[in-house]
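Some structures are shown below for you to check.
Look at the two complexes coming up: chain A is in both, with chain B in one and chain C in the other.
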Partner chain A sequence: MNHLLRTARNSALPIIVLTAVGTLIYFFAEAYQVRIAYAFFMNLVVAIGLQVFMGNSGVVSFGHVSFMGVSAYVVAILTIPLALKKTQIPDAPFGLGFVQFDVVTAILIALAVTVAFAWVSGLLIKRVSGAAGEILTLAVLVICYVVFNAWIDLTRGPRSLYGIPIASSLPWAMLASAFVIFVAKFFRDSEDGLQLRASSENMLAARSMGVRVERLRLKAWVLSGFLVAIGGVLHATYLGTIGPNSYYFTQTFLIMAMVILGGMRSVSGVIVGTALISVGSELARTLENGPMVFGTKLPTMFGLTGFFLGAVIVLCMTLRRDGIMGDDEFEDVLRNRRASKAAKAAADTAAQAV
Partner chain B sequence: MEYFIQQLVNALSVGSEYALLALGLAIVFSIIGLVNFAHGELITVAGYAMFFAAATWLPNPWLALPIGIGGAALAAIVFEKVAFRAIRNASTNTGILTAFGVSIIVQNVFIIFVATRPKPVQTPDFLSSMITIGELTVPTLQVLETVVTTIAIAALLIILKKTTVGMAMRAASKDFMAVRLMGIKANWVIQSAFIISGILAGIAAVFIISRRGAVDPFMGSVPVLKAFVACVLGGLGSLQGAVIGGVALGVFEVLLQVTLPQEITAYRDAIVFGVVGLVLVAFPQGLLGRKVELGDKEA
Partner chain C sequence: MDVAASTAVAANRGSGLFVDNVTKQFGGVYAVRDVTLSCEVGQIVGLIGPNGAGKTTLMNLISGTLTPTSGNVYLGGQPLGATSPETCAEAGIARTFQNIRLFKRLTVRENVEVASITFRRLKREGIEVPNVDEILDLLGLSAMADLKAGHLPYGHQRRVEIARALALAPRVILLDEPAAGMNEQESHALISSVRMIRDRFGCGIVVIEHDLKFIMEVSELLYVMHLGAVIVSGPPEEVRHDERVIEVYLGRKARK
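Now for the complex of A and B:
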């Protein structure tokens, strides 16, 4: 109970700030700006979901975007109206061509399916670490992508599924990200989270203290799969149309850049990273289309957004490996500042006394 | 029988391609512990070097071959100097992420300055011809690929066994500090490893491009994924493992292609990655890797 309250207090600051900014945008900004804000909150959910596994266990995962894909596809297949389904996936297996659920049920089923998938894949992934573990997560990504593309009866293959009822809007994304921030912080500061972080620093020492690394890794993997699945639901229910290419390397690297720029070991860091990358890639996208600057037309340069992401990753790795926030959360930064201020004041009074 | 031999030649050539790429990855990994995902971009750079050479002042397709290989070697040196030197002593994670960053940068530089669309590249005509031996007809390219790979591996073996730099590289994979104490410059050893990996990637690139006839910014990403799989399958950092893993993967892929019914072949890559994943769960050090206990001094 104590831990719950402490987490609530610690996650209040970022949640309040984000909600305030989101609310302002929702009521006063242009429609396209609301869309950008929605994308920000959605990516925030996915990035923090990834942080729960990567940041605590120290294992880099390239596979999480597939959880987004699985949940988005489940929502799509369960909610697309029957008439539209008949034209898109008439031969859907398991009689899925003849069922349609309301959005809430479909979302719950999608989350359950994704969690089950995460659990099964996690049973294998928890056993392997190092480079082999990373290739295993990569295998998850590739396998899901191939299945999305190849199971044409169910997913319509490389062509998009459309007609998903649009049920989500910016407030839902804000709510989801507040929930995800809370859960991520709760896990990070819990006993499990602490033990898992210890194992990422020194596996041998943690094992010898009785930390059950595999079990904790599985827990983190499933929890992060669940959080990322929420991101997938947000994606499908806002766009109304999904295709396999949204859940492959491009999205993986976008999220990866967000997580490592801010610092993968800190939830606050991921929030900072997501904000910076979102602003940065939006700027890059504007430049990409060749805008007018001081009366001169700049040339169009497709690929600038990708270049920007790559540069962020490389620079971050060479200059500031732990990311902007390193190990610190917002509350740590505030506390340190307060502490150093107090120390300074104490030193001043001591000096005056002398 | 004829069909069988044709498919065997095919499998060997695919396997050779993976082996060449996996060897490059393994050499770099064995020395500095870097999983170089930007390796695939060496292929892309080689392809564009050939494209530009042909488009500007050297239209002879024969010249394209050394230019491609040289381009890849040069790119490997540049990658090392610009990006990988700064993270030399960092963790595997840092290395993987940096390498991915480099690969995204290179891809997008080509998108910005050339185009996303594929560009045609001319290679010598005989590469696309067929060899007929008695009843049997096989593509020259496939035979040549296997032969050249064998020669390249033999040459690599000679370098590793007989030259100072080769011995330094082998020693560095065991204990880099001892190599430096012997008065051998670290940068020299590492640069040589990158040059070798670049040349190997360049040779693979020539064959890949002859087969495709075109270059595009993303052409390196699929081969490097496969090479990485081959590497891990054989045991990361083990050179024999890389070759065996590469050939095994090639044979396995062709086998699936040939034996699976039409409607399942779309899932081929999923099956390959699934099997590799299971192998890794059973043998996390790869098929040829040594089992290392946590805390062993010599990891």
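Now for the complex of A and C:
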């Protein structure tokens, strides 16, 4: 209970700030800006979901975007109206061509399916440490992409599925990200989270202190799969159309850049990273098209957005490997600042006394 | 193996740690050969020997980091069936590391918490839950409880290792060179800390150490290892004057 309250207090600051900004945008900004804000909150959900596994276990995962894909495809296949479905995937297996659920039921099923998939893949991932484990997560990404592309009867392959009822809007994305921030911070500071973080610091020492590393890794993997699946739901129910390329390398690198720039070990860091990368890629996208600046036409620079993400990852890895926030959460930064201020004040009064 | 020591060992089978004829082979090399050792609950046992004698390998065998080629480790009369460090920790063997292995990015308190969580999960009957604050206090770490463990000076880091091991409420605690890198004053303070730990937590303590002055003073029973085997064991006073020990370990230096 105590832990619940503490988490609520510690996650209040980012949630309030994000909600305030989101609300302003929702009521006062133009439609395309609302779309950008929606993408920000959706990516925030995915990035924090990824942080739950990567940040606590110390194992880098390239596979999480697959969870986004799985849940998005399940939602799509279960909610597209039957008439539309008949024209797109007439030969859908398991009789899926003849069922249609309401959005809420479909979302619940999608989350359950993704969690089940995360659990099964997690049974393999938890055993493997280091580079081997990271390659395994990459394999998950590739396998899912191939399935989305090749199981044409079910997913319509490389051609997009369309006609998903649009049920989501910016407030839903804000709500989801608040939930995800809370869950991530709750897990990070929980007993399991602490033991898992210890194992990422020193595996042998953690095991010698009785930390069940595999069990905790599986827990974190499934939990983060669940959170990322929420991101997939947000994607499908807002765009109304999805294709396999949305859940592959481009999205993986975008999320990876957000997590690495902010600092993967800190939930607050991921929030900062997501904000900076979102603003940065929006700028890059504008520059890409060769806008007019002060009356001069800039050249079009195709691929600038991708270059920007790559550059961020390279710079981060060479200059600041722990990311902007390192190990600290917002509350740690505030506490440290208060502590150093108090120390300074004490030193001042001591100096005056002398 | 001394006859006297071996009968004493047989009598102790029931209480604390009992290492029975353990051998560890790496390829054709015997790192540890037919070692028998015991440490009762409440006893402080020293383990010395020149570099490469197999002391740390023996520690790793007891704590489940390595599996013996042959032989068994018993705790409280039960075979550990040494499978993994986790099961050993859960059974009641805690350890520190020769090359400090702290969770550097966690605070001192969090380091101790990690072990304390394991203990709470196990809920072993009849043992009171060790209080993290009390442990920190006993080892003089209270003032730096909220600092990152990696930022502490070396001597303090060794203390955090001990505090962390204690939070498991172990029946036996293995200290691998706890005084390494400490100055004379610090290592002197450590002697009383080790005794205090034994008195307060009632556990058996096995200490590996190079610092002879330290080990002679702290231990009640001393084992000397050489080339993987225990060559002499007994009370420190006897061991100190044993010809074989002087020859292989104290060596020429002692004769000068």
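Some notes on this structure:
Throughout what follows, the second predicted complex is superposed on the first by the 354 of 354 C-alpha atoms of A that agree within 3 Å, B and C clash if a C-alpha of one lies under 4 Å from a C-alpha of the other, contacts with A are read in each partner's own complex, and residues count from 1 in each chain.
The definition used in the following text is that contacts are C-beta pairs under 8 Å (C-beta built on N, C-alpha and C of every residue); 3 or more make two chains touch, one makes a residue touch a chain.
Here the structure is a predicted model, which is why all the values come from computation and not from measurement.
In the superposition on chain A, A:A206 contacts chain C only, with no contact to chain B.
Shared-chain residue A:I313: touches chain B; no touch with chain C. Between chain B and chain C, more residues of chain A are touched by B. When the two structures are aligned on the shared chain, A:L136 is found in touch with chain B, with no touch to chain C. Contacts of A:A198 after superposition: chain C is touched, whereas chain B is not reached.
With both structures placed on the common chain, the touch criterion links A:N149 to chain B but leaves chain C unconnected.
Contacts of A:K341 after superposition on the shared chain: neither chain B nor chain C is touched. In the overlay built on the shared chain, the residue A:G58 is in contact with chain B alone; chain C does not reach it. Put simply, chain A uses residues 204, 207 to touch chain B in one complex and chain C in the other. Put simply, chain B touches chain A in their complex at residues 35, 83, 86-87, 90, 92-94, 96-98, 100-112, 116, 217, 221, 225, 228-229, 232, 236, 266-267, 269-270, 273-274, 276-278, 280-281, 284-286, 294-295.
In the complex of the two chains, the chain A residues touching chain B come out as 58, 60, 124, 127-136, 138-140, 142-143, 146-147, 149-150, 203-204, 207, 249, 253, 256, 260, 301-304, 306-307, 309-314, 317-318, 321.
Across the interface of their complex, chain C is touched by residues 191, 194-195, 197-198, 201-202, 204-212, 265, 327 of chain A. Looking at the complex, you find that chain C touches chain A at residues 63-65, 84-86, 88-90, 94-95, 97, 101-106, 110-111, 113-115, 117-122, 148, 164-165, 168.
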